[in-house]
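Order of writing sets the labels: A, B, C and D. Residues in every chain begin at 1.
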Amino acid sequence: MTQTITAMIETHPTEIRYDKQLLEDCLAACVECAQACSSCAEACLSERDVDPLRKCVRANLDCVDVCTTTARVLTRHTGYVAPLTRLVLEACLEACRACADECSAHADMHKHCEVCAGACRRCAEACEKLLASFT
Amino acid sequence: MTQTITAMIETHPTEIRYDKQLLEDCLAACVECAQACSSCAEACLSERDVDPLRKCVRANLDCVDVCTTTARVLTRHTGYVAPLTRLVLEACLEACRACADECSAHADMHKHCEVCAGACRRCAEACEKLLASFT
Amino acid sequence: MTQTITAMIETHPTEIRYDKQLLEDCLAACVECAQACSSCAEACLSERDVDPLRKCVRANLDCVDVCTTTARVLTRHTGYVAPLTRLVLEACLEACRACADECSAHADMHKHCEVCAGACRRCAEACEKLLASFT
Amino acid sequence: MTQTITAMIETHPTEIRYDKQLLEDCLAACVECAQACSSCAEACLSERDVDPLRKCVRANLDCVDVCTTTARVLTRHTGYVAPLTRLVLEACLEACRACADECSAHADMHKHCEVCAGACRRCAEACEKLLASFT
């Protein structure tokens, strides 16, 4: 996966005005987080007691949609930082933090929430670093 | 479409802490704008001379993804304004404005861009009004 | 919404080898159904007793994603029927039927499921008619 | 990425009636292919001569949406094979084959199309194997 992301960025036909490593890390983190949250929403819906997990399902589903859109917008502006890119990354950072917090709250009871919280935290960090690299 | 959005909000089982009319308008505008931009990207790709329309295709595709995600996040927090809702609406406002500007630039040559610019402007206005209603 | 869909199709730069009315109806139905199912998933998650509604949430979320993708693929091949279009419409028909059945099963207890089942049935019918028009 | 997919499946609370390895491979392939196609669409739009690449952009965008939806539907039915799963996998197989063929046609001119064709072929193969495992 990471190899494919790197190869696609290396073969982009125009100059890339991003820190390439941070861009690749952020794309990989968004894609991983979207899939982890998709799985975690499903796992929560499959738990014996779904009642206390409603908020977690919502946070997961938000994260799936926002991370997926973030990866697409970032990819579409591989060549330069569009004003939209910044706003989308800020929304992604918030979605990942909210989901990491929610999942962490029951990580000791549900192992899938622990795994998912890790993916959310990695994605939040990757978004933050990419945002910090914009001048 | 508007009737269905209204009916779904009217039958929501918990209290809604939004201005319902503004919420409905914003949902309808996001959904309409996503579809208009999806069509406009395709129409641009079908024009005899696609070369000057690349930027428009990108703006359209951004708008499709951001408006779709905005409608989903807004819907998922029908009961209350989540911090994420605000950030997503701000990203949506930017995506719609950027696409409206880009489409307007060749609205006289391409009728589909004129129609699409209208949908983008309506969506930007609906996002702005909903954002302004948050206290 | 319907007006915008019609206007975008009317202004498409190349010939359209579809029955235009059926194409417009199907696009409008997919977009309406995606939004109704998105709302219904959220309403189900907000019900006092979410336990018996898990299957409905899953059917709703499937329908959101499949209808959204169907509208995009249909739009992208406005000019002609791609082999993919047929397969995507068949998947959409199944997603809408499954969700209509599931929502109907508790339509008497949950008004939002009744509204959503109606949108799903209209979308299934629109997909079926469009599929039947392909020769 | 693969580790996260595996960990999420291993921690799923209910029994999984799939061949787990084929499920994991297919999820990883869908997610990789969606991102590769997203990048390839952008790279095609950035080429000096975009005119002969319109069809490739469309095939790429179809693949992005269909692979993303396939991963979501597959994930949502981790516990069992829903009738929808089969139809979505068949649509995904077609989208990946069409995009692999289109990208291969100019793989010698555009290195990004070569990389993308590889991801599409891997995804088509993973969908085919998973479909073949259903009895």
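The rule is short, and it goes like this: contacts are C-beta pairs under 8 Å (C-beta built on N, C-alpha and C of every residue); 3 or more make two chains touch, one makes a residue touch a chain.
Owing to the predicted nature of the structure, the values given are computational and were not obtained by experimental measurement.
Engineer: Select the chain at the greatest separation from chain D, using centres from the mean of Cα atoms.
Structural biologist: Farthest chain from chain D, going by C-alpha centroids: B.
Engineer: Return the chain pair with more inter-chain C-beta contacts, choosing between A-C and A-D.
Structural biologist: If we tally the contacting C-beta pairs, A-D comes out ahead.
Engineer: Could you give the separation in Å between the centres of chain A and chain D, each centre being the mean of its C-alpha atoms?
Structural biologist: Centres of chain A and chain D (C-alpha means) sit 19 Å apart.
Engineer: For chain A and chain B, let me know how many angstrom lie between their CA-based centres, rounded off.
Structural biologist: The separation of the two C-alpha centroids amounts to 22 Å.
Engineer: With chain centres taken as the means of their Cα atoms, state the distance from chain A to chain C in Å.
Structural biologist: 27
Engineer: Quick check: what residues of chain A touch more than one other chain, meaning two or more?
Structural biologist: 42, 46, 58, 61, 68, 72, 76, in rising order.
Engineer: Per the contact definition, I'd like the list of chain C residues that touch chain A in the complex.
Structural biologist: 42, 45-46, 50-51, 54, 57-58, 61
Engineer: Can you tell me which positions in chain A touch chain B when the two form their complex?
Structural biologist: Touch residues, chain A against chain B: 58, 61-62, 65-66, 68-69, 72-73, 76-77, 82-84, 87-88, 90-91, 94-95, 98.
Engineer: Would you pull the chain B residues touching chain C in the complex into a rising list?
Structural biologist: These residues of chain B touch chain C: 1-2, 4-5, 7-9, 11-14, 27-28, 31-32, 34-36, 38-40, 42-43, 46-48, 64, 68, 71-72, 75-76, 78-79, 110-112, 115-116, 118-119.
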